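We just call them A, B and C in the order they show up, numbering each chain from 1.
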């Protein structure tokens, strides 16, 4: 039997992480969490998570950044908002999950071939580049980048979709792509983080806890 | 100007209080004392650690004698707290107590500022204003108004009952007004009480009968207070007595009318049994109801049609009543006017409306119950005689009790209702005893801080009742695996074990919280009280005046002030009764002489002040055609003073000269 | 009244049957639509996980184009688009900092955002603007006897419940009852379908969708009606996988309550868009409504009912 020490030391905390998250607009109410577990009880995906949503809330508030950003929980959130509308302290749990996902992506905290963040990023790239998303292309790219075998397993679904006219063979896109590019350039130039009182002090991918 | 005392030589003593560091930390008190010492007419100016202490008060008295002071100003906390203390000290020093003025440099200054220099400058300005003002003060006399010895208690739950009995036993006459047909309140519906598991009826009904029989208590049930006028010691109250269609004096409570009603079987939802049972149109709410008088519900009685008398029924009830002739279909509502000196408001609470949380399935799934319904269900005199028979006709083998329903929840009520943990455990024990079912409590935190409460929790753990720390998000009826089919399913995070669980049960009990009555705002207005943000009536001070209100002579008891259990309600009722007794046995109240009076020579008799007075204290002297203010009714609000076109109304303690001097003092530039 | 119309990516791809049925139904009812000029991806859920501000800029471009088009309101049939567009409006209202950035970006395209164009869902529009009575007038072939499990999904009632009840939405129930259908009691009306997890992590994702199908079957539904292209896709297109994983599970036999039968064969319950059902009742052809695009065809009894009503 392999034994594992589970103790947490103060040096395991990234002090200020919780405060940082709670200073993001929409995430403030986390301060009031009473750990009642309503979120986990309602979450349809909580049964697959390594930490329940309630535990993620507490770990975040207590500055256990590494544990939170490496958890499967944030990726399993399907944004159904069941937790958010029922939370007795009106904590916007779904929005906090989004915030944590963004941080995990920016700081490289997820397994390489884990499909969910890959999908999110590919979605981002495609919509950014073409203005629209063509789902079947997106899914194909995702499978190629994460698990080619799974992609092969999907051929039947693809064929079925094709037969029913639900598998477009052409990538969709908008006409005025340059307009969108100019708009996005504005956001890239402006440091929103600075404007938001430094809610993302680490910036893109910079911290030592980095990728693994 | 000082012709009243014949003393032109104004000699002021000024004292600035450090209040420990409450004031001294933000205001340079020595600088203030030094500054004031140089102002005109100031003879003594000191700072002292605690002016309200005995040595502080003695300091004032000593200075009055030693320096021949005739005016005193203390700069300290709010007059609400210590004005009375210092007036008494000044009086003991041999001066008229109204030659004193208090300046608030704590709540108005040190507590609300962050810059020491600016706060000190403000303290100097406020002190200067006080010095200017006090020079204009006149000697005034405190008026004594007699206190009517009778007391009105509003609400006949356990708090109202206990307050009424305490007062009646000390020989005072009490009017007890109750909205429902019987006194007893919520406690009368309970089966047992925590943590001792006394039978609620066994300990309550003796007190109810005592109320019914006590010669000093006038019990008006099925009645409501509709109007209150007057002031402490002299309230005039109007009570509406709703028609029961049965004459209280003649009814013996034999209930022959009920057994002879044309409805052979009870047919209408019975409110006392939380609509789980049925009653007839003529009924008595429950066996030990006090008064033991039946009543007729005109909404369903055949002799009425939608509340209007039609005389279409054969009226076997009247026949059964016979010579007693207690039934009177023509009875009308009655308005009674009474005079009392003090009032105790004990109007109680309502339980949270579970319709506001549809996720728990109440009304959609028949086997979801409120806690109050379960009280009736386990009660031997309840609709099932204590048999826990579910609405679907089964006996439960597993029961989930959900705590904090409508409590600790920003979406409904934010407060903790304080009694639900304990009553949930009580119901868990009783349900276990009645059904031997597997029982699960779903809680956020167990709050068991009373005497014997933690021990009760321990006992429940020993009985094998499950406690799962996790708030339930929803109750559903869909099965994920076959063992859940046909059951209600509770999905919850067991936060202590750190796992999500699905627990199928036959019965769900919702531990509903306590909230203010829907018409609490009307009651508040009726009695000139205040409400907190959550809607419960506001006590004068949360720690030191917990049963007083901001209206003198009106006291609070029980859950209308905040959720509380029976022991606390009873204790508070006793305290409210004692406060009323203080007033009654003192025999009079001292009235602040800040009343207004009319300078007759200047009054033109225009009458514009009369309708403006909120206390109807002003009338027109018919012979002189001049306005006259009844000092006993005047509350010193100042409305008439401001409104009088000829400036002929003067208010004591707020004379023009006093106020203008104060303003001048305040606006004068402060040399730092 | 004429509305701006934001189809979103799915209605041009996997969910095209939604558009194919929505447009002719609205045409019958005299509601005019104008597709938003050069609309872009709404900035949906997956995008929000990467960069919320950029997602807001994406959504705002659509909102600003709609304002420029001059129609008072914007119709967004896809639940994800509906939520993202509304959420962006809330977000811009709550955070002046983000709004400033968005406005600056919009100026690059000579656009501005004032926040004055409400984003509406077809259910809202049909019930509250067109009206149930008006819809009844156009019913040629009532779908009598067709038992429906009405599935609303998450994002039109959470986190904002703007036009329907959060716990028990009824707008679709009322519409489908108006065209003759019968609603079964379906307690999972707003439970999550698993969203994009069905593709990324099939184990938890498909379980979410499977639970929805199974419960509709045990409640005796003939058809599941949906309002969202992703919900429809998840419930419709993964049946093979579900049968492989859970087909052996048993449910009470609908014909004999003491017996149990495997759920597998029953999983082929048709999953359609509510607009397809309304179209059928309006007498439009199956082809016009894109019904052939479903993986499980509408069952015979339902279609037979329709034809007998037509006869």
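Assume a contact is a pair of C-beta atoms (placed from the backbone, for glycine too) under 8 Å apart; a residue touches a chain by one contact, two chains touch by 3 or more.
Note that the coordinates shown come from a computational prediction; the quantities given were computed from them, not determined experimentally.
Student: Based on CA centres, what chain would you say lies at the far end from chain A?
Tutor: For chain A, the chain whose C-alpha mean is farthest off is B.
Student: I'd like the most central chain, judged by C-alpha centroids against the all-protein C-alpha centroid.
Tutor: Closest to the centre of all protein C-alpha atoms: chain B.
Student: Would you mind telling me which chain pair, A-C or B-C, is linked by more contacting C-beta pairs?
Tutor: A-C
Student: Between chain B and chain C, what is the gap in Å from one C-alpha centre to the other?
Tutor: 52
Student: So how far apart, in whole Å, are chain A and chain C when each is placed at the average of its C-alpha atoms?
Tutor: A distance of 24 Å separates the two centres.
Student: Taking each residue of chain B in turn, which ones touch at least two of the other chains?
Tutor: Counting only residues that touch two or more other chains, chain B contributes 359.
Student: Please list all residues of chain C that touch 2 or more other chains.
Tutor: As it turns out, chain C has residues touching two or more other chains at 211.
Student: Enumerate the residues of chain A that touch no fewer than two other chains.
Tutor: Residues 47, 82.
Student: Would you pull the chain A residues touching chain B in the complex into a rising list?
Tutor: Those in contact with chain B are residues 34-43, 46-47, 52, 54-55, 82, 86, 88-90.
Student: Going by the contact rule at the top, pick out the chain B residues touching chain C in the complex.
Tutor: Residues 358-359, 476-480, 482, 485.
Student: Hey, which residues of chain A end up touching chain C in the complex?
Tutor: Contacts found on chain A: 25-26, 44-45, 47-48, 75-76, 78-82, 84-85, 92, 94, 98-99, 101-102, 105, 115-117, 119-121, 123-124, 127-128, 131-136, 139, 142, 156-157, 160-161, 164-168, 172, 174-176, 179-180, 182-187, 190, 192, 195-196.
Student: Show which residues of chain C lie in contact with chain A when the two form their complex.
Tutor: 9-10, 12-17, 38-41, 43-54, 57-58, 61, 91, 94-95, 97-98, 100-101, 104-106, 108-109, 154-155, 158-159, 161, 166, 191-192, 194-197, 199-201, 203-205, 208, 211, 237-238, 240, 292-295
Student: Chain B touches which residues of chain C in the complex?
Tutor: 167-168, 187-188, 211, 215, 218, 250, 252, 260
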